[in-house]
Amino acid sequence: TKLFTALGAALDERLERRERFVRASRDLTMAAKKAIFELQRLKSSLRRLRDTQTQEAWAKTEQTFDRLQGLLRGGILKELEATPAFSDTYWQYHQVFSPGVQEYVEALAFRHWFKDARILQFQATCEKLAPFPLEVSDYLLGLCDASGEVMRLAVQSSALGEQGVAFEASSFLDTLRRECTRISARTRRAWPPSMQQDLDRKLVTMGESLQKVQDVCYRLCL
Amino acid sequence: SGFAAVATALEHEGQLRERLRLQRDELDVAVRSLETQLSRLHYEVDWSDAVAGARQQLRTIGSGFLELQSLVPEGMFYKYNDLWRQCSIHIVQSCLLIRFFETVHAPGPQFSDNLDQSQANDSVETCTAALVTKDEVLEMLDGEKAPTQPALRLDLEEYLLGLCGGIQELARLAANRVVLGDYATPRKLAFFCNQVYAGFRLLNFRNDSLRRSYDALKYAIQRLDSILYDLRI
Amino acid sequence: SGFAAVATALEHEGQLRERLRLQRDELDVAVRSLETQLSRLHYEVDWSDAVAGARQQLRTIGSGFLELQSLVPEGMFYKYNDLWRQCSIHIVQSCLLIRFFETVHAPGPQFSDNLDQSQANDSVETCTAALVTKDEVLEMLDGEKAPTQPALRLDLEEYLLGLCGGIQELARLAANRVVLGDYATPRKLAFFCNQVYAGFRLLNFRNDSLRRSYDALKYAIQRLDSILYDLRI
Amino acid sequence: TKLFTALGAALDERLERRERFVRASRDLTMAAKKAIFELQRLKSSLRRLRDTQTQEAWAKTEQTFDRLQGLLRGGILKELEATPAFSDTYWQYHQVFSPGVQEYVEALAFRHWFKDARILQFQATCEKLAPFPLEVSDYLLGLCDASGEVMRLAVQSSALGEQGVAFEASSFLDTLRRECTRISARTRRAWPPSMQQDLDRKLVTMGESLQKVQDVCYRLCL
Amino acid sequence: SGFAAVATALEHEGQLRERLRLQRDELDVAVRSLETQLSRLHYEVDWSDAVAGARQQLRTIGSGFLELQSLVPEGMFYKYNDLWRQCSIHIVQSCLLIRFFETVHAPGPQFSDNLDQSQANDSVETCTAALVTKDEVLEMLDGEKAPTQPALRLDLEEYLLGLCGGIQELARLAANRVVLGDYATPRKLAFFCNQVYAGFRLLNFRNDSLRRSYDALKYAIQRLDSILYDLRI
Amino acid sequence: SGFAAVATALEHEGQLRERLRLQRDELDVAVRSLETQLSRLHYEVDWSDAVAGARQQLRTIGSGFLELQSLVPEGMFYKYNDLWRQCSIHIVQSCLLIRFFETVHAPGPQFSDNLDQSQANDSVETCTAALVTKDEVLEMLDGEKAPTQPALRLDLEEYLLGLCGGIQELARLAANRVVLGDYATPRKLAFFCNQVYAGFRLLNFRNDSLRRSYDALKYAIQRLDSILYDLRI
């Protein structure tokens, strides 16, 4: 019984920590979704930061993203730092807080494309998240998710008569898909099966997004 | 006892499968890189570079494929074939693309940036592009000359599934060539794909995955037809 | 044992079904080759050759079909009918196409290469083409003259499913005729298909494959309407 | 339009005839289920017709089965005889009225076992259904269904302390399963796939029934 | 063109598959009849007749199996193997039963109808029955003598799946032998099956269907254990 | 390209996972052979040999396990842990058995071949056997002495899942010990398992595999209780 009392205490501690990670991850997810929504609502014509009005709107999104980083630090990172073995705890609960980190990466990648029409690189993403250590898988899976947002923006913009976005989105998604497909030949060896299935599913979705954007481009060219 | 021998045999099978899987993973990386190369066709007006580069990469793939298949004991091709089946299909698919663009005329002089003029020529248009044969795929992998006894092996079904995949890729390509302002290639693509599709209609499929791929072809052909129709209107 | 009688009966049934399946596979090849013949309508401006060739092939199909059905014992048509059901449907579908193009005027003189003029006539245009009847399908298969007692049999549902398939094929054809520069036929096709569709609306369906085919017709009709609309602007 | 009016009339006639067959089949099914239930309620100790009381009860079931045959004649058979081509209509609507015929065969087979502990043979079943022509498939599929009823009776009887039934049922089901499994190697060639799947499913159920009865026998032997 | 050759090749494949299927169906009838023969073990106390009869039938099955396999072209064993896989498994399963009952002592003298006495001997009981090997299965099919080069072929996986099926059949048999009043055989069965199960535990399965069968073995063993337990109580 | 850094990282990860998998497969074979050794408990009255042999094998397993874990970089235990999770669970399960039989008294003197007498003692019977702790499992793997800093690591959940598996195994064993005529051990097993089960009831589980294993324990305990009941009558 003494043995099981000790075991019970250890299990309970795990349960509670797990719960805290779940909550921190969920908070980050919600905030990241809101940040993406905010970007989607910006008139895409504002994208190239041409005037003061644009700069104001853009500055506002910057604040949103600062808050996101604050949430990461005050949530998942703080919880990790409270444990004696940072790295160990990181991996023990990685699956639990992954969704939040991936959604954050998705928001960052979408914002980066919004501004520069380019892929947000791994190194740059790591720097943005620092001192939180970003795992390659969270980067890739978050990046893949951004493709859906890019597609949505492209379709909406072309419906509003702004044609350039669709072509930019098409070439962006094409490049992204090629890179991700290429890398997926390597992840197959490096990742556990469930994670690989996740990536494969996202690649299929990305292919469909690309197809939709290419159809838009084709219609625009007629 | 008897089980020790069985255990050893199973162990050997497991190890072989493991080695084949590793080799297949390497081949897979090369095949995906070949497809990346060929995806340049979607956004570069002049395709000669992309096709030449792909030709080059085929050699590496060929030797990797050879290495893989030489691990397989005599008579066990079909036992392990499912491991590299997807690779084979993707290779055939890429060979179809390469061969098509090598034999269709280069986009240079006869490139019609004048939509109306190309329309006028439309009813007499034919397409000289060749459909890659199963033997040609093996030649493209094995090296330049036609080998009397190819060291590589490709199942007939893999070849046909690869053709289906290639035609679908060409259908996707047609829309994107229009985006690039290339109106001539989509016509040729449509003509070519319709011809291949007509060939497929002659076949009697009792095989499920082949029949499904063939059914999917129909949509690719319809898409090509509607692109042709759009170009005409 | 006690099941001896049952076993014997099943053995006979099995052998018959086997023979029917073989015969059906042969018929299937011939039907596919007929469809390939008719697919020339999609890319040849003048259709007379394709239609005449298809007529020719129908004879072979008819005798193969007869051979198949004469294997079936008296009164057991519906017992084995599931085996060749798909064949029947595809035959009806092809007969609908042949009959349409035999009775619509040839594209020669009245071919409107003047878009504007054909547009003017549009609202008064009618179409003389005839919808093949179930008896006519049997005649086309049996030989020239109307047989008093046809040796061949076609189920009512097979006939109706074949009509649905034929209308779908005509819708696809309309877009491709536009691509060939033939603007008159699509109008006639649209008129014809709308008429047939109106006929179908008179029928009561239960919840089966026929109802699904009928539901799919709606999309074919919409596609034809949008082609007609494109031709007008 | 004239063409389609004629087609419509033909289709409607089919729909109505089909409806009549559905109804006739359903009536037969319900009546057969009731007959089976009546047999299940008979004390199984009455089975060997030992006394007058038993004979009375048995005579009552005979009446029930006479009514079943009447339903077949007045329903499906009458409808078939009303058409010009009996055999043709038989096969055209065979799938529609099959469930009723199979349930009737099941009831007959169960009753036969109840009385004699033997398999009701095809020839004997044909004679009982005459002049309705019984198809081999309906015989086999109905017979298979009877195994579930035999199992139920055996389990209940042994719970009531009557042991002989379970052993009889065990040997009956074993024989039946062997015969049916053997025949299923032939039906695979002779039947369309859907019918074969039906048989395969019923054979699995029959195997489970046999297993249950054998378990009862085993417990009884301890 | 190229498609004609493909069509011919597919046609040949289809025909071969059809012939194999027919031959397989015949083999299937024979295998089921063998199993019917062996099911006599469930309800006849003396098993010598049943086993001898099964032996006899194995010869017919062997020659049918040989006929089937000789239709398969060199090197294509694994391409078509899935067609007769179930047959192979059932054959192995039956061979396991036959071999078990041929090598365990006949039920005659040492048959213990005295429950208490057999209980006393229990802890020292061993079982002399032999587990059939893969080569022995081939010998049993090919004929009496050990062939240097067996004309028949059995995949290792088929053999192992057959063993699993055989053990499950033996577990079912154990309960039914108790019903027959035979208390000695269930003990031997339990000992034998536990030994085979111990052998299986040494194997490293990476294969899905094998692992599933192995997992199912566990329940068979538990059932045997509980029968043994019941007999003791 | 831009993904070069990512590709390199993945390549390293892939190689490591590959090496771990190979090492894990070797460990798996050793663990299965340990379980085969322990399965002797089911059919040998005297267990001392089986337990001593298992102890011996644990050493080999320990060093293989150490080799595996030392491949894992600092702090990445949980990143790769899924690979050998099943091995860990089976090891704990076997350690529970070994420890139980090392600490329960040998069956020699206090072995009750007198059923009635043992029944009398039943209500006051206790069991001295010890439940292996997580640290003890590590000691058993690492060597004799308690290491101040164990080189091996076991996750808490793996330990608990292993206990559940061990209790299940003990329940199976109880029935088989009865068959061997050993009536004393089942009583001790029942007492011991009930104690452990009481411990488990103190824990809070979330909805995961651990909860499912705990739920399954209930049936094992019921089975033990019914054996105890049988022994009493």
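Here are a few things to note about the model shown:
The chains carry the letters A, B, C, D, E and F, assigned in the order they are written, with residues numbered from 1 in each.
Everything below uses one rule, namely that contacts are C-beta pairs under 8 Å (C-beta built on N, C-alpha and C of every residue); 3 or more make two chains touch, one makes a residue touch a chain.
Treat the numbers as computed from the prediction; the structure is a model and nothing was measured.
Fewest steps needed to get from chain D to chain E, stepping only to touching chains, is 1. Taking CA atoms, the transformation carrying chain B onto chain C includes a rotation by 80°, reported to the nearest 5. Residue contact pairs shared with C-D exceed half only for one pair among D-E, A-B or A-F, and that pair is A-F. Across A-B and B-E, the chain pair carrying more C-beta contacts is B-E.
Per-chain CA centroids place chain C at a distance of 70 Å from chain F.
Mean C-alpha positions place chain B and chain D at a centre distance of 56 Å. We define each chain's centre as the mean of its Cα atoms; on that basis chain A and chain F are separated by 42 Å. The multi-chain contact residues of chain A, meaning those touching 2 or more other chains, are 182, 186, 189. Of all residues in chain B, those that touch two or more other chains are 14, 202, 204.
Residues of chain E touching chain B in their complex: 1-4, 6-7, 9-11, 13-14, 17, 74-79, 81, 131, 133-134, 156, 159-160, 199-200, 202-206. Residue ranges on chain C touching chain B, taken from their complex, read 25, 28-29, 32-33, 35-36, 39, 42-43, 45, 172, 175-176, 178-181, 227, 230.
Per the touch definition, chain A reaches chain B in the complex via residues 167, 170-171, 174, 178, 181-182, 184-186, 188-189, 211, 214-215, 217-218, 221-222. Note for the complex: chain B touches chain C at residues 122-123, 191, 194, 198, 201-202, 204, 222, 225-226, 228-229, 231-233.
Against chain F, in their complex, chain A makes its touches with residues 1, 3-5, 7-8, 10-12, 14-15, 18, 85-88, 90-92, 94, 119, 121-123, 136, 139-140, 179, 182-183, 186-187, 189-192.
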